[in-house]
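Each chain carries a letter (A, B, C, D and E) given by its place in the written order, and its residues are counted from 1.
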Amino acid sequence: MKNPYLRAVWAVFRKDLAAEFRSRELIPAMLVFAVLVVLIFYFALELDVKARTAITAGALWVTFSFAGTLGLNRTMSAEKDQGCLDGLLLAPLDRSAIYFGKFFSNLAFMLIVEVIVIPAYSLLYNINLFNRGLLLVTLLGSVGYVAVGVLLASMSVQTRTRDVLLPVLLFPLVLPVIVAAVKASGGFLAADAFTEISPWLNLLLVYDIIFLAAAFMVFDYVVEE
Amino acid sequence: MSPQPRTLKILNLVSLLLLVASTLLVFFYAPTEKVMGLVQKVFYVHVATAWVGMLGFVVAAVLAVVYLRTKDLKWDAIGLAAVELSLVFFFVAVVLGSIWARPAWGTWWTWEPRLTTAAILGMIYLAYLLLRQGIEDPVRRARFGAIYTILGGLSVPLTFLSIRLFRTIHPVLIGSGGGESMGMTDEMLHTMFFHIAAFTVIFITLFWHRIRLAQYAEKVEQRKLQVMQ
Amino acid sequence: MIEVTKLVKRFGAKTILRGLNFTVQPGEFVALLGPNGAGKTTFLRILASLSRPSLGVVRIAGYNLPAQAAAVRRRLGVVSHQPLLYGDLTAAENLAFYADLYDLPQPARRIEEVLRLVGLANRHRDLVRTFSRGMQQRLAIARAVLHNPEVMLFDEPYTGLDQDASEMLDTVLKNVATQGPHAVVMTSHDLARAENLATRFDVLSRGQIVASATPAQLGSNNLLTFYKQALEKAA
Amino acid sequence: MKNPYLRAVWAVFRKDLAAEFRSRELIPAMLVFAVLVVLIFYFALELDVKARTAITAGALWVTFSFAGTLGLNRTMSAEKDQGCLDGLLLAPLDRSAIYFGKFFSNLAFMLIVEVIVIPAYSLLYNINLFNRGLLLVTLLGSVGYVAVGVLLASMSVQTRTRDVLLPVLLFPLVLPVIVAAVKASGGFLAADAFTEISPWLNLLLVYDIIFLAAAFMVFDYVVEE
Amino acid sequence: MIEVTKLVKRFGAKTILRGLNFTVQPGEFVALLGPNGAGKTTFLRILASLSRPSLGVVRIAGYNLPAQAAAVRRRLGVVSHQPLLYGDLTAAENLAFYADLYDLPQPARRIEEVLRLVGLANRHRDLVRTFSRGMQQRLAIARAVLHNPEVMLFDEPYTGLDQDASEMLDTVLKNVATQGPHAVVMTSHDLARAENLATRFDVLSRGQIVASATPAQLGSNNLLTFYKQALEKAA
């Protein structure tokens, strides 16, 4: 890559993936956790009796949200633990490159998990989830979730109570994403008319753009002292 | 590399023969089931692999107690071997079960007590592997692994009980016609028991090989340390 | 190389640095001494552009902080008591990662060079997680000098190192410091080591540099007395 | 207290409560998190449309389970971070006293959260949850959950991946508790006959006893080296 | 007081201690020296009953480890580089908590006493979180001596402390060590401090005590040479 900015984004992204590929600790944990959430939902909410499409979409997104916080927490605290965050901040580049690198690696982890959980869910509940619309929603929703998540995780790992803080900070902010993603996924699964779904898709798109832009602008303040 | 002991060589051969024999039994001895036809033949391997999988988990729990008593890492390595091997057989059983469930119950998966317990059991042992992965100190890894297998062993019967209760109070939507009501001929029963026996032997053979592998890994580790010092 | 005038740093209501003045010429190796909580780490973090000054002017290699931080960072090498390395990557991968961030022209060759410099050439494929404290510190130095910085900042590089590792570090630091007209600032509680290396000793206390001396002014072996007197005078 | 064993249990318990009372960081975070989970359920699973008693019980217990892991993770990592665990282990007492101290303090945190969340839920969804049976189930379920949770948290904080490991280890093991608690709570809320509920209560009781006993026996192995 | 014979400690395939023999008499203050990774911390953790020996006999104050661990722990005071204190409790609360664990008869009076001993009497109501590194270390020592232990183990108590704090620590350690017939074992990389305090120097290398000397045998100021020769001979 010629552009130093892009090269830095790419370097951070590749580094995270290489570390995960070496240790293989995060993605398997997220996957097992996701399956456990689905199992618990089954028992607690008796999902199968009325496996309506709306419930399916909701259960999937709650699962992704919870599994997502695990990933975010872990990749950011790995940076913090040996002071590696400082190492990144010492590099002569725009700090937003770090943000985008982390954004892409977390997005990759989340998408990998989703790409495995969706067919598994499909099998377990005997619902056909192979639907192009659903994939689009998954992508848009994950982008919004991770965009805010990386920003907040970089803040929460710098606090004393980092174990507990991230979900408390994150969930209220990403609630619009979750609601829109649930609605849009539900719509696609119920084969609703596109005109009914498109407001939700637009909302997701707007959210993604606004929060990526906002994160781009405020990330500097999150990491500086 | 020490050569394989005689017994193991014999076991290799016996396992192979048993595998061939059981395959032959499935196709030439056991009658083809009237309703489901050929798919039903998956049944024998399904039952045998599921049984062997369970066996390994029980062995692992016993070895965990032995490890905590003796603190000999050997038992930990054997316990890990049992879990890994069992997970493989277990996975085969689940896949075969699914393949069979599709024509038998019209679905790949249903939340029937045994299947659900199986899923949770699988999760427990995957969690066990993740736990081990997060620990570098081999002694602590062994200790925590042993504790977790014991807790798992305690929890599984309760899980099964809870899911049984869960299911019997609520009506089961699908699959009530399968299972016990299936008429099995004597030939089918013979084939099934033969499979269970054969896979037990195969399991023991593979288990032995896996233990030997662990021993080699241990030796390699020691050599590495010697070189480094 | 480094010019700091009237630097003030506050954390909320606490003022840690109170109008500190500080200059380092190229080729100088300054040992920054001071009691626990004097603000040495805080000061180095400001020089490293990791922390913003509340007031005052900080110029490094001709650039202003924090306005021209990116330009400053390119000329800066930092070693803190944490290694700033990724345990799940190998030594070479760690350096390759930083080479990418610094956008170095010939990374592979430069990585080999610095690994040789710190004596880790034959361990470059091992995971950093398996390194001992001393080896990690060496690699941290390799990381810090990778882009050939003009200004180097070391925050207690000796903490937790044994005699051997400390001597090795001495050699590496001397090598590094003498490769060109570098300016080096190091904090340490180990006066003996500091005495060995530095060309100037500055004492930080109550938010200011309260005393400064060169080895020539000190004569031999009385750094400790100098340090104590400086603190007493300040009190 | 005369008995040194009980005194030690009490000391650990009181110390945890005093620290929490001082810093007020854990219980508020658990509460906010619990409310967020309820909210997410509301939006994602459209709980209110069919806020049947069964769903209520399930939603409550999923909430408690997730909030519980936050508390467990935090109290154990607080011990680990400054090496305080070693400090406890150096004391001349049976190690199980430490386990029981931690057990009671975590149980207290969990019960406090539950005692606040239940009426809040009651208000939000306009369901009457003031039911003596429900309180009993809450107590029994929390005991089982915390009994296993403290043990596993003491293990997970000693691993490299402690941020992500606890729920992965804990959830498959406490599934019987969750299932039984959901069923029993649901039964009490639906005013089912006691004979229908009692198997679940028995299961909870058996689980509590078995796991407290097991933890008592193996805790030594968790902390020794 | 401490008698260790043929102690072996393995971590998996790695053997850290290889048949180590070690004795400490009442009143002795032993400085345990050795390079990074020699196993000093491991050895102290075994003495502290925090870690189990793989083989060998460890007797402390007449009790066997690990069999009579509880009896040993009652007679043991440990200071490691981590303070083992709760940041959200005050100094006095921390000590009261430990007094409960050790089941001391008159906790309030004893707590006042040790707080005075380490010079924190006027800070006893402050949260430990707000303490500086040096103050935390003092409180850690107060915690360690609270129950009047006969055997004391210090693992690098000086790490990260400045001159003042180190000198204060010297005084406290001397006070503590001379209050009755204690046996003290301390590890440190700071030879100068060790020389000041210890009545015996033992060098741990390759899993064994490879050399041992008293200040009288050494003469003045050549602890460093003694240490280096010991390591060379062992290599």
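The criterion applied here is as follows: contacts are C-beta pairs under 8 Å (C-beta built on N, C-alpha and C of every residue); 3 or more make two chains touch, one makes a residue touch a chain.
Source: prediction; values computed, not measured.
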Legend entry - Fewest hops from subunit B to subunit C - one hop per pair of touching chains: 2
Legend entry - Third chains touching both subunit E and subunit A: B, C, D
Legend entry - Highest C-beta pair count, chain pair: A-D
Inset, instruction - Please report how many Å separate the Cα centroid of subunit A from that of subunit D, as a whole number. - result: 27
Legend entry - Inter-chain centre distance, subunit D versus subunit E - centres from mean C-alpha coordinates, in Å: 38
Inset, instruction - Find the geometric centre of each of subunit B and subunit E from their Cα atoms only, then give the gap between the two centres in Å, rounded to an integer. - result: 50
Legend entry - Multi-chain contact sites of subunit B, meaning residues that touch two or more partners: 120, 123, 127, 130, 133-134, 136, 139, 166
Legend entry - Of all residues in subunit A, the ones touching two or more other chains: 23, 25, 29, 32, 36, 39, 43, 46
Inset, instruction - Would you please name all pairs of chains that touch? - result: A-B, A-C, A-D, B-D, B-E, C-E, D-E
Inset, instruction - Sort out for me which residues of subunit C touch subunit E in the complex. - result: 34-38, 132-134, 156, 159-166, 189-192, 224, 227-228, 231
Legend entry - subunit E residues touching subunit D - in the complex, by the definition given at the top: 45, 48-52, 70-74, 76, 78, 80, 82-89, 93, 97-98, 100-103, 127, 143
Inset, instruction - Note which residues of subunit A are touching subunit D in the complex, please. - result: 25-26, 29-30, 32-33, 36-37, 39-41, 43-46, 54-55, 57-59, 61-62, 65-66, 70-71, 73-74, 77, 160-161, 163-165, 167-168, 171-172, 175, 178-179, 182
Legend entry - subunit E-touching residues of subunit B, taken from the complex the two chains share: 71, 73, 137-139, 218, 221-222, 225
Legend entry - Residues on subunit B engaged by subunit A in the complex (per definition of touch): 98, 107-111, 116, 119-120, 123, 126-127, 130, 133-134, 166, 170, 173
